[in-house]
Amino acid sequence: MQESQIRKIIKNVASRKMDAGEAMKELKFLPFEDLSFAKLDHHRALRKGFPEVVFCQNKTTKQVAAIVKKLAERNSQVLATRATEEMFNEARKHFKNAQYNEISKTMIINKNKKLKKGRIIVLSAGTSDMPVAEEAAVVAEAMGSHVERIYDVGVAGLHRLLSSKEKIDDANVLVVVAGMDGVLPSVVSGIFGKPIIAVPTSVGYGASFKGIAPLLTMLNSCSPGVVVVNIDNGFGAGYFASLVNK
Amino acid sequence: MQESQIRKIIKNVASRKMDAGEAMKELKFLPFEDLSFAKLDHHRALRKGFPEVVFCQNKTTKQVAAIVKKLAERNSQVLATRATEEMFNEARKHFKNAQYNEISKTMIINKNKKLKKGRIIVLSAGTSDMPVAEEAAVVAEAMGSHVERIYDVGVAGLHRLLSSKEKIDDANVLVVVAGMDGVLPSVVSGIFGKPIIAVPTSVGYGASFKGIAPLLTMLNSCSPGVVVVNIDNGFGAGYFASLVNK
Amino acid sequence: MQESQIRKIIKNVASRKMDAGEAMKELKFLPFEDLSFAKLDHHRALRKGFPEVVFCQNKTTKQVAAIVKKLAERNSQVLATRATEEMFNEARKHFKNAQYNEISKTMIINKNKKLKKGRIIVLSAGTSDMPVAEEAAVVAEAMGSHVERIYDVGVAGLHRLLSSKEKIDDANVLVVVAGMDGVLPSVVSGIFGKPIIAVPTSVGYGASFKGIAPLLTMLNSCSPGVVVVNIDNGFGAGYFASLVNK
Amino acid sequence: MQESQIRKIIKNVASRKMDAGEAMKELKFLPFEDLSFAKLDHHRALRKGFPEVVFCQNKTTKQVAAIVKKLAERNSQVLATRATEEMFNEARKHFKNAQYNEISKTMIINKNKKLKKGRIIVLSAGTSDMPVAEEAAVVAEAMGSHVERIYDVGVAGLHRLLSSKEKIDDANVLVVVAGMDGVLPSVVSGIFGKPIIAVPTSVGYGASFKGIAPLLTMLNSCSPGVVVVNIDNGFGAGYFASLVNK
Amino acid sequence: MQESQIRKIIKNVASRKMDAGEAMKELKFLPFEDLSFAKLDHHRALRKGFPEVVFCQNKTTKQVAAIVKKLAERNSQVLATRATEEMFNEARKHFKNAQYNEISKTMIINKNKKLKKGRIIVLSAGTSDMPVAEEAAVVAEAMGSHVERIYDVGVAGLHRLLSSKEKIDDANVLVVVAGMDGVLPSVVSGIFGKPIIAVPTSVGYGASFKGIAPLLTMLNSCSPGVVVVNIDNGFGAGYFASLVNK
Amino acid sequence: MQESQIRKIIKNVASRKMDAGEAMKELKFLPFEDLSFAKLDHHRALRKGFPEVVFCQNKTTKQVAAIVKKLAERNSQVLATRATEEMFNEARKHFKNAQYNEISKTMIINKNKKLKKGRIIVLSAGTSDMPVAEEAAVVAEAMGSHVERIYDVGVAGLHRLLSSKEKIDDANVLVVVAGMDGVLPSVVSGIFGKPIIAVPTSVGYGASFKGIAPLLTMLNSCSPGVVVVNIDNGFGAGYFASLVNK
Amino acid sequence: MQESQIRKIIKNVASRKMDAGEAMKELKFLPFEDLSFAKLDHHRALRKGFPEVVFCQNKTTKQVAAIVKKLAERNSQVLATRATEEMFNEARKHFKNAQYNEISKTMIINKNKKLKKGRIIVLSAGTSDMPVAEEAAVVAEAMGSHVERIYDVGVAGLHRLLSSKEKIDDANVLVVVAGMDGVLPSVVSGIFGKPIIAVPTSVGYGASFKGIAPLLTMLNSCSPGVVVVNIDNGFGAGYFASLVNK
Amino acid sequence: MQESQIRKIIKNVASRKMDAGEAMKELKFLPFEDLSFAKLDHHRALRKGFPEVVFCQNKTTKQVAAIVKKLAERNSQVLATRATEEMFNEARKHFKNAQYNEISKTMIINKNKKLKKGRIIVLSAGTSDMPVAEEAAVVAEAMGSHVERIYDVGVAGLHRLLSSKEKIDDANVLVVVAGMDGVLPSVVSGIFGKPIIAVPTSVGYGASFKGIAPLLTMLNSCSPGVVVVNIDNGFGAGYFASLVNK
C-alpha cells in the first residue's frame, strides 16, 4: 500500500503529472508511514514460521477470542499464553483444531507440523516449577525448535542431572527454571559450558519474596554464560532460546 | 542535506535522468534518514529559543569541554547542569561570557537576553533544598520563562507561604522542592489550585532513604494537581514547567 | 454565613452599635473561619466548570450515595472515580441521568454538555492499561477538555504511534499510560517535544512489582519533558492535564 | 507460692532448722521465680484501672472466647481489638454487657464507667482512616482518658482543622491518623505545638505500598514533636496517648 | 503590624472614612496574614523557655554562623544539633559562652541555667549508640527537663538494666536508643510500664541496613507503650520526651 | 543397573573379551552414573532413621498421594509438611495408620516408635506462632529427637520463660519462634548460653512485612549463638535442631 | 557484694537480730540484684574456656584499649574482632603476646594453648570471601574447636570440593561462606548431609546488593540442614559452630 | 594421576592380579576424583580459544599478579577485568605484551591474533555507559568474536540507531547497554528482531537506585527476545554473546 503510494508519486513525476516541488512535499510527509510499512514487512519476514503470540493475562475471554480470530485469519499458527480453560473453550467453538496444555496454560491453533530443528533443553528444579518450564518448552516448539525436558533436577537430585550429561552436551542452549533459592542455573553452568537462560519462578515462601530471591541468585551467578528473564517468564525464555537455537 | 538528496532524486526523475524504478529503490532506503532529518528539524523548531542542555554528571571535564564547544558552534545559548567548578574554568578559557551558578552548579554560555515570559514560581521547603530549586529556576529562565523564587517555606514557615499568596495566584505553574517528609507540595496544592511539579530531594537522613520518603509522599499526594519528577531532578522540573508556561 | 457575620460586625461599627475595640476583638478570632470561607470561595472560582470528584475506593456504597447526593445539590456536575456497578445502581435510583463507564469505573451525574476545549491526547501501551487510560480521559473531559485516545501503541506497535504524528503535533499535552517496562513515555517524548504526564500501571507480573518497574522507568526518563503520577492514578493525570490544557 | 517458699526458708533459719549456709544456697536459686512474682505484682499495680487487652487477629473465635472468659474472671473490664462480629456473638453468650464497635472492631466487656480524665484528640485525614482512628479512641477511653474526635480533616479540609483550633489547644496529646501521603501530622504539628502520635494507615493504592509511604512521611516529619507507631496500629497510639494523658 | 492594619480599617469605619462594603472587601483579603500573625504569636508563647534549634547537617559553617547569630539576638538560649567542631569554633568567636558536646555534636549558646524539672531517663543498648543517646539527653535538658543516662544496657547487660529499677520507676518517660537488632525498647517496655520513645540507630552492619532493622523491630514491638522516631533522630526523641515530661 | 554395567566391563576384562585400553575408555565416561549411584547410597546411610519428607505446598492432592505411596514402599516412616486435610483424607485411604496434626499441618505414615533421644526445646512468643513452632517440634520428633514445648513466652510473659530455667538448662539446642518484632531469640540468648535456631514468622501486620521485621531482628541479634532460617520455616529449624541434637 | 548482703540478712535472722517478716521484706526487693549476680556466675560457668570477645567496629582505639585491658585482668584469653592495625599496635604496648591476623582483622591476647577438640570445616566460595571465613575460623579456634579450612571452592571449583569429601565426612559441622549468588551452601548441603552454618558476604556488585542476594539464596535453600547468620558475620558463625561442635 | 589409578586397576584385572569383585569395589569409590578429572578435561575442551578470565575487583594487586602469572603459564591468552592501572603496571613487569584498556579497565596478556568470527553489535545509550559497553566488547573480542560498537544512541538519538539499520540487520546477537530508565533494549528489540542481551548500568541518580531502575525495565521488557545480566556486568554480556555468536 505504502509502496504503491510512493510508486504513484514517482510515476506522476516521471509522467509529468506532478512537478518536483509537489512530489518533494508529498514525500516529506511519508517517512513515518514508510517506516511503519518497512517495519511490518521486515517483521513479517523475520518471524516467518514463528507464531503470533497472545498474552492472555489481564485480558477478558471476549478480548482474547477476538484477537485470536483476527490473527488466525492471517497466520498459519496462533499461540496464546496464560490462557484460561474458559478461553480455550471459547476458542474451540471457532477452531476445531485448537489445543490446550493444562500445565503451561498455553493454547495453540493450527499447530505447525513442520520438523523441529536444533536442540533446546528445558530443565526445572522442582515439580512446582513445571508450569513455567512447560511454557518455555511449548513456546520454543511452536517456534520450530526441537525441545527436550529434564524436570525435577534440583540440588537434591543432582545425580539425575549428571546422568543426563550426554543429552545436555548435544544441546545448543539450555533453559533452566528454578524457584526458592534459584541455584540450579549456577550449578548447571558450572558443570556444562552451555549458554543458559535462567528463569526464576515465584514458587517458594517467606524470604523468596515471590521470586525475588531466585531472580537475584541468577543475576549474581558466579558462573559466566547465564542470562536472566523476568520471574515466571517461561515465554520469554522459550522465545529467546529459539532465536539462539536457529 | 537529506532534503537536497530527495530533491535531487525527484529532479532526476523529472528530467528523466532516472527512471521510476530506480527512484523507487533509492527512496525506499531513505526513510530512516528522512526520519532522522525530520526529527532533527522538528526538534530544532520545537526547541527554538530553548537551550541545548549538557548533563555533566558522570562526564569528564574534557568530555564536557568538547561537547560544549561543539554545541556553541550551532546554538546561540548553551546550558550545562551539574557542572563542577573545574568544568567551568575549562569552559571559560574558550568562552569569555561563560557564567557559573555555584549553588545550582549550572553553567551558561552566550546567555540569551530576551525578555522572560509568563510566570513560574519555584518554592523550596528548606535551605538545603536550594541547589535543586535553583537548578529548576535557572533551567526555566534559560528556556525563556520568567521565574520567581520563594525559598525556605516548609511547614514551620507556613505563614511565609501564605503571605506570598498574591504572587502565587498569578503564576501559571509552581515547582515545589522538598526533602525529608516532602509534605510541602501537598500543602501548597491544598491551598492554591495551581498545577504543581513536585521535586523530591535527597536531603534528609535515616528513613528518608536519600529521597525515597519525599518521593513517595509526593506520588501519593491526596491533593490533585501534583505531578512528580525524579529525586533531585531540578532540571526536569524546570524544563517541564517551561513547556507548560509557554 | 461567615461573610454575613463579618458584614454584621462592620455594620455594627458603622452604625456605632459596636466600638472599634470590640470589633477588633471579634475579628481577631475569625481568621480561620475567614480562611475556611475564603478558601472555599477561591476554590469554587478556581474550579468553575470543574466537577467535584468522589474517590469511591475504600468507601461503602452507602457512604458514596450520601456524598454524591450532597454534592449534587450544590454542583452542576458530579464525577465519581473507582465506582463499582453497585454504587452506580444505587446512584441511578436518585439521578436518572447518571452515567457509568464500565472500563474506567467512573460515574457522572448531570454531565456537563459544554463545548470541550484545547486538546489532550491519552496514549496507552497495551489493552490492559485501558482502565487507567480511560479514567484519565473521562476526568479530563469532565473538566472541559477535548480529549483524543490513541490506545495500544506499545513498542511493538511503534508504527501506529508514528502514523498518529499529526494528531499528536496538535496536542497541548499528552497523557501516556504504560505498565510492565513503562518505556512508552520515554519513546514518545524522544519523538515529540510535548509535555508528557506519564502514568505507570500495575499491569504486569513478576519483577514489575505491581507498577514499581514502570514507575521507576518513568521517573528516570532520559528524555526531558516527562512528569509522573502515582501507579494507576489515571485521575491525577487527567486532572493535571486539564489544568495545563486550559 | 514463691513467697511461701521464701517464707519457709526464713522461718527454718529463724527456728534454727536450717543454717545460714544452706539458706543462702537455697535462696541463690530462687531469683527468677521471685522476679516472676515481683513482675506480676508490679504490673498489676502499674496497670490498675487499665483494661487487659486481647489482640484477636490471627486467633480463632474459640481461642478468643477462652481468653476473654479467663480475663473477665480477674478484671473489671476486658477490651478486645480486631475482633470479628462472630467473636462478639460468641462473647455475648457469656457476657450480657458485652459491647461491639463495628467501625473499630473493638469489643468491651464490663465497660468501666468511671469519669474520663484529661483530653486526647484523635484526628483523621480521610473517611477511610476511621477504623484505625476509632480503635485509638476506644482504647484510650477504655484506659480512662477523655477523647474527642475530629475526623476527615485532610489537606483539602484544612479549614475544618483550623476551625477546631480551640479544642486542640486544650488537648494534652494528639493522635493523628492518615494514609496515602500521610502529611497531616506534619501539618498539624506545624500549626499546633502539641505532642503528636502519628498513625500511618494502609489506606491508599499504588506507591502508598500499604502504608509504607505515610509511615516514611511521618518518620521524616520536619516538624518536631511527632512520634510514630506501626501501620494501622490504632491500639498502640491510643495506649501511648493514655499513658501520656495521665 | 497586621493587627494595626485591621485596627485601621475598623477605625476608618468607625470614623466613617470607609463604608461597610469597602471594609468588608479589605478584610476578606486579610485572613492569611492574620493567620500568619496569629501563628507566630501562638508559637512564641508555646515555645517560651524552649530553645530555638538549628539543624546544622547539610548547612555550611557560614550559614550556621549567620542563623545562630540572628537567633541569639532574640532568644536567651540557642541550641544547634549535628554541628561540626568547625562550626563551634566559628560560633565561639562571637559567643564566649558557647559550649560544645563532642559526643552528641551539639552546641549551646547562652545556656539556660534554670532548674531542670521532672525526670526523663535515656537508655542506650551499646557504646556505639551514645552519640544519638546524648543528642536526646542534651536536647531534653536544653528544654528544661531533668535527664538521667543509663548507657550500655543491651540484652547482654540485662542485669544492669534491672539494677536501675528504682531510678526507672521514678521516671515520667523513657528514651530508649538501640541499633542492630533494636530489641531493647521491647524488653524495657515488657519490664517497666513507662511510656517509651524508641530511637533506632544506624549502628550495625550487613542486614541492619543502616537502621532499618532496629526501626522495624521497634515499630512492631509486641509490648504496648512504645512509639518510634526516625533513625538516629536523638533530637526528635529528646524534644518529644520533654513535651511529655512537662 | 549402573553397577551391572561396570561389573560387565570388569568381567569382560577378566575374561579377556575386552582389553585394558577399551575398558579404560568405557569407564572414563561413567563417573556421573557412578556418582549418582554412590550418592544415593551415601544419602541413604546418612539419613538412616530420618524420615523422608514431602513438602506439600504447591503440589496437588494427587501428586502428594503418588509421592507418599512411593516413599512408603521403601521407608519405614514418611513425613509430609504443609499438608491439607484433603491430602490427609486421601492418604488415609491407603494407610490406616496415617496421622494428621491440624496445627502444624503435618502428616505422618508408619510413625516411628523408637525412643526419642537428647533434648530440643521449642519456644514460641505468641499463640499465633504455634503452627510454625509445632512444625519444628513434629519434624524433630519424627527424626528421633526428644522435644519439649514452651509456648507463648513473649516479652510480656518473660517470667514464664524464667520459670522454665531448669528445663532449658538441660537442653542441647533451642528453637525459638517469633513474629512481629521477633525479639524473643535475642532475649533467650541473653539469658541462656544455648545454641538457638531462630524462626521468624509471618505473624503480624503493617511494618512486620509478612516476616521481614522479625527476620531482620534475628539476623542482627546482638547476642551470639543465634542462627536463622527462612520465614515460617519450622521444618528447617526442626531438621537442623535434630542434626545438632544427635 | 550482693552475696554478702544476702548472707548478712540470713545471719541476722540466724542470730535473731532480724525477724522472719523483716527478712522476707528485704529479700523480696533483691531479686534483680540476685538475678544479676546469678546470671554473671552462670555465664562465667557457661563460657569456661571461651574467650571474652570485643567487637571493635564503631569503637575508638582508646575505647578498645581500655576494654581489652579490663578483660585481660580477669580472663586467660581475650579475643577482639574487626580490630584495626592501629588497635593492635596499641594493645601490643601492654600485652607482649598479643597476636594479630591481618586477613580476619582479629586480635588475640594470652592465646589459649589447650588442645583443640572436634572438627569444624570452614569453606569459602571465593578468594574475596576469605576475611569473613577467617574470622569464623579464628573465633572457633579461640573457643577450643579444631578447625580446617577449604577455601575457594565455588561452583567453578566443584571438583576441589568433591576431592575433600573424606575430610568433610568427618566434620561435626560446616561453616560455608559465600558472596554474590551464594549458592555454595545449597550445593554443599545437597552433597553432604552435615549441619551447615551459611554466611553471606557483601562481596559482589550490582544486584548482589551488598550481601542481600546471597542472604536470600541461603535463607531459601532447598536443601534442609542450612541455617544462616548476618551478612559478613564470620564471628557469629564461628561462635555457633563451636557451641554445636562441643 | 586419577587416570593412572584406573588404568592400574584395569591392568590388574587383565593380568588377573585382582578379581572382578575387588575391582568393582575400588572403582565404586572413585567417581568424585573421576568427575574432577573429567570436568577439568571437558572444560578445557569447551573453552578452547576462550581466554581464562580474572575478575580483579576485591583482589589485591599482589593476588592478581600471582594469578595472572600462573594462568599465563598454561594459556595462550589471559584476560583480566576490572583491573586497576596499578595492576597493569605490575603485570607489565613480567609480560611485555600486556595491554590495558583504560575505559573498560580490562587487561590482556598474549593477545590472541586469530581472525574474529561472526558479528556481535554492542550498543550503548549514553556516553557514561561506555565503560560497561567496552567491557562487553573487549571480552567478546578476546573470545574470538567480531564486534562492532554503536555508542550513544539513546532515545534522543533514535535516528542514529535507525541509520545503523543495515549493520544491525547483519548481526547475530546484540548487547544493549543502558542506565537511568534503561529503555534502549526494549526500543531496539521493537525495531529489530534480533536476540538482545540487555545490560543495566549503575549510571543515573535518584530513583535509578544504582541500576535497579534499568534492571527492572529490562526484565519487564514488553518486547520478546530480551534477556538480562547483572548491573554493570559487561563481562557476562560479552561472554554470553560470544557463546551465542559461535
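Per-chain numbering from 1; labels A, B, C, D, E, F, G and H assigned in written order.
Assume a residue touches a chain if its C-beta (ideal position, glycine included) is under 8 Å from a C-beta of that chain, and two chains touch if they have at least 3 such contacts.
All figures in this text were calculated on a predicted structure; none of them were measured in a lab.
Chains touching both chain F and chain H: A, G. Counting the residue numbers used at the interface between chain A and chain F, under half appear in both copies, so the two copies meet with largely different residues. Comparing mean CA positions across the assembly, the chain most remote from chain G is C. Centre-to-centre separation of chain D and chain G, using mean CA positions: 39 Å.
Once the centre of each chain is set as its mean CA position, chain C and chain H turn out to be 50 Å apart.
Chain E and chain H have centres, each the mean of its CA atoms, that are 55 Å apart.
Shown for chain F are the residues in touch with two or more other chains, namely 32, 35, 37, 39, 158, 191, 206-208, 212, 215, 219-220, 230-231. Pairs of chains meeting the touch criterion: A-B, A-C, A-F, A-G, A-H, B-C, B-D, B-E, B-H, C-D, C-E, C-H, D-E, D-F, D-G, E-F, E-G, F-G, F-H, G-H. Touching chain B in their complex are the following residues of chain D: 125-126, 154-156, 158, 180-183, 186-187, 189-191, 204, 206-209, 212-214, 216-223. Residue ranges of chain C in contact with chain B, taken from their complex: 39, 42-43, 46-47, 53, 173, 191, 193-195, 197, 215, 219-220, 224-231, 235-237, 239-240, 243-244. Chain H meets chain B in the complex at residues 127-128, 158-160, 162-163, 165, 203, 205-208. Residues 3, 6-7, 10-11, 13-14, 16, 19-20, 23-24, 27-28, 30-32, 34-35, 38 of chain B are the ones touching chain A in the complex. Of all residues in chain F, those touching chain A in their complex are 32-33, 35-37, 39-40, 57-59, 63, 200, 202, 210-212, 215, 230-233.
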